[in-house]
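Attaching a single structure in structure tokens format; questions to follow.
Each chain gets a letter, A, B, C and D, in the order it is written, and its residues are counted from 1.
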Amino acid sequence: MPMPMPEAQQLAERVRDAMWAGDRASRGLGMQVLEVGPGRAVLSMTVREDMLNGHDICHGGLITTLADSAFAFACNSYNEVSVAAGFSCDLLAPGRLGDVLTATCTELSKGGRTGLYDALVTNQRGERIAVFRGRSYTFKGKPLVAL
Amino acid sequence: MPMPMPEAQQLAERVRDAMWAGDRASRGLGMQVLEVGPGRAVLSMTVREDMLNGHDICHGGLITTLADSAFAFACNSYNEVSVAAGFSCDLLAPGRLGDVLTATCTELSKGGRTGLYDALVTNQRGERIAVFRGRSYTFKGKPLVAL
Amino acid sequence: MPMPMPEAQQLAERVRDAMWAGDRASRGLGMQVLEVGPGRAVLSMTVREDMLNGHDICHGGLITTLADSAFAFACNSYNEVSVAAGFSCDLLAPGRLGDVLTATCTELSKGGRTGLYDALVTNQRGERIAVFRGRSYTFKGKPLVAL
Amino acid sequence: MPMPMPEAQQLAERVRDAMWAGDRASRGLGMQVLEVGPGRAVLSMTVREDMLNGHDICHGGLITTLADSAFAFACNSYNEVSVAAGFSCDLLAPGRLGDVLTATCTELSKGGRTGLYDALVTNQRGERIAVFRGRSYTFKGKPLVAL
């Protein structure tokens, strides 16, 4: 992969700052943005007591929420407002109380208005917890941050 | 659709009680279980401030979490431990602060160990917010509640 | 559902004729277009010897191809060139040699450029063989047939 | 990735031979099995005139059929009968008449009865045409070939 141009990297970071300021959901779930770049993002989340379901494992919807947040930072990184049109998530192994989950999202494809992104969720031992594939829709010419 | 036999209905309700007691995630998100029955469930959730993302709309992952909870109650309703193997969710319209979202989950198909479920998420005006399709895996002979 | 306006119905039929003339794949697989209308289509296909796989049942890809054809006629019915961005297909029961499979595709949602369609594939006994969900992308202002 | 043990490789090849003998669909579409191994397979298909749709590009269902065939050889490679429970396919670029498409399928995850596989379809220039994700279901203790 070629090194992203400094401008593209700086733009991704400015978008991250603007999005993060408004993203009460991701903050409320204790997520952290570890990395962003053009078309990519890495976020983490620790499984809390209030994330467990009736089988005493992390609610699959919340694992998906982590992946979806990584997807949001990745697909908005070019400073054009982009929303999730949809996604799929396959759950491979359970998340347990106290596990630190990390979602790494990368871009598979990007056309004019649509993009396809993969996210892999792993735990602190590097075990694969879930794979996520998201489809984005971009509103052309609508920036997130003023330049 | 034939009326479910009272026993099957009672079983679904007993499983709901047991699952709900442990489901800290769904409770923490303020969900309510409106209905359960054999292979089906209806849950609601009001969009709170802490569910909004950087675009100021309900985080798509949390809409999915609502649908996934409905799916969990539906696919476990026969009192055999069932987990989500995966799901897809297509987001059709945004959820706004204060919206009351309702996820109605029904069974499309059920074999020995695998099942397929659809959930529709609507808002208080009956507008479609999301469609969700979940794939369950059942651990045969492993009950949730002792009979 | 309101009755489609005659113009919309006629347009769907004109698009069907134009698409069908070029659709060597669907014709080669022996498909028939049973119905079209605004946002919907019904196609059938008989399972032939050359559609069987190594398990001696209809190749799942070809069941998907039938559903995808129904999706194509449905999403192009408004006379704006639309392509499949992607789809998912869940296989519920096998198709056997000689089975007559019917795919009924309906529109779940349609925005400016993107649409969501469901197709149900059944056999001649009305048994559900597969469920398909397709995502379309429309090239605005690009008609299939001149009016 | 560790080198597969010779026995596992030989088994995958024996299963390939048995499946290929019965797979009239893949043969009829002119596919070729380029490689198989434990949990993986590579197949190719040349886009023929009778694979084109009404937009004059390769029918998306047939691109999916190629990927699904690669998936079938990959998930059956351990000599336990496995079927596709479902899959999703995202179409990234069109296949044109004469293009040689190659589907490379690898295993993401394998549990007792369920598996998850990714396939990437590229053309003769290495351009990505489609990404496919398949979910398999295995009938335990049911071999494809007698040992």
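Here is the rule we use: contacts are C-beta pairs under 8 Å (C-beta built on N, C-alpha and C of every residue); 3 or more make two chains touch, one makes a residue touch a chain.
All figures in this text were calculated on a predicted structure; none of them were measured in a lab.
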item: Numbering shared by both copies at the chain C-chain B contact, with half separating same from different; value: same
item: Of B-D and A-D, pair with higher C-beta contact tally; value: A-D
item: Whole-Å gap between the CA centroids of chain B and chain D; value: 33
item: Computed distance of Cα centres, chain D from chain A, in Å; value: 30
item: Where chain A touches two or more other chains at once, by residue number; value: 85-86, 88, 90, 135
item: Complex interface listing, chain C residues touching chain B; value: 88, 90, 92, 108-109, 116, 128, 131, 133, 135
item: Chain D residues touching chain C - in the complex, by the definition given at the top; value: 18-26, 28, 49-56, 58-62, 64-69, 72, 76, 81, 83-91, 144
item: Chain C partner contacts - residues on chain A that touch it in the complex; value: 85-86, 88, 113-114, 135, 137
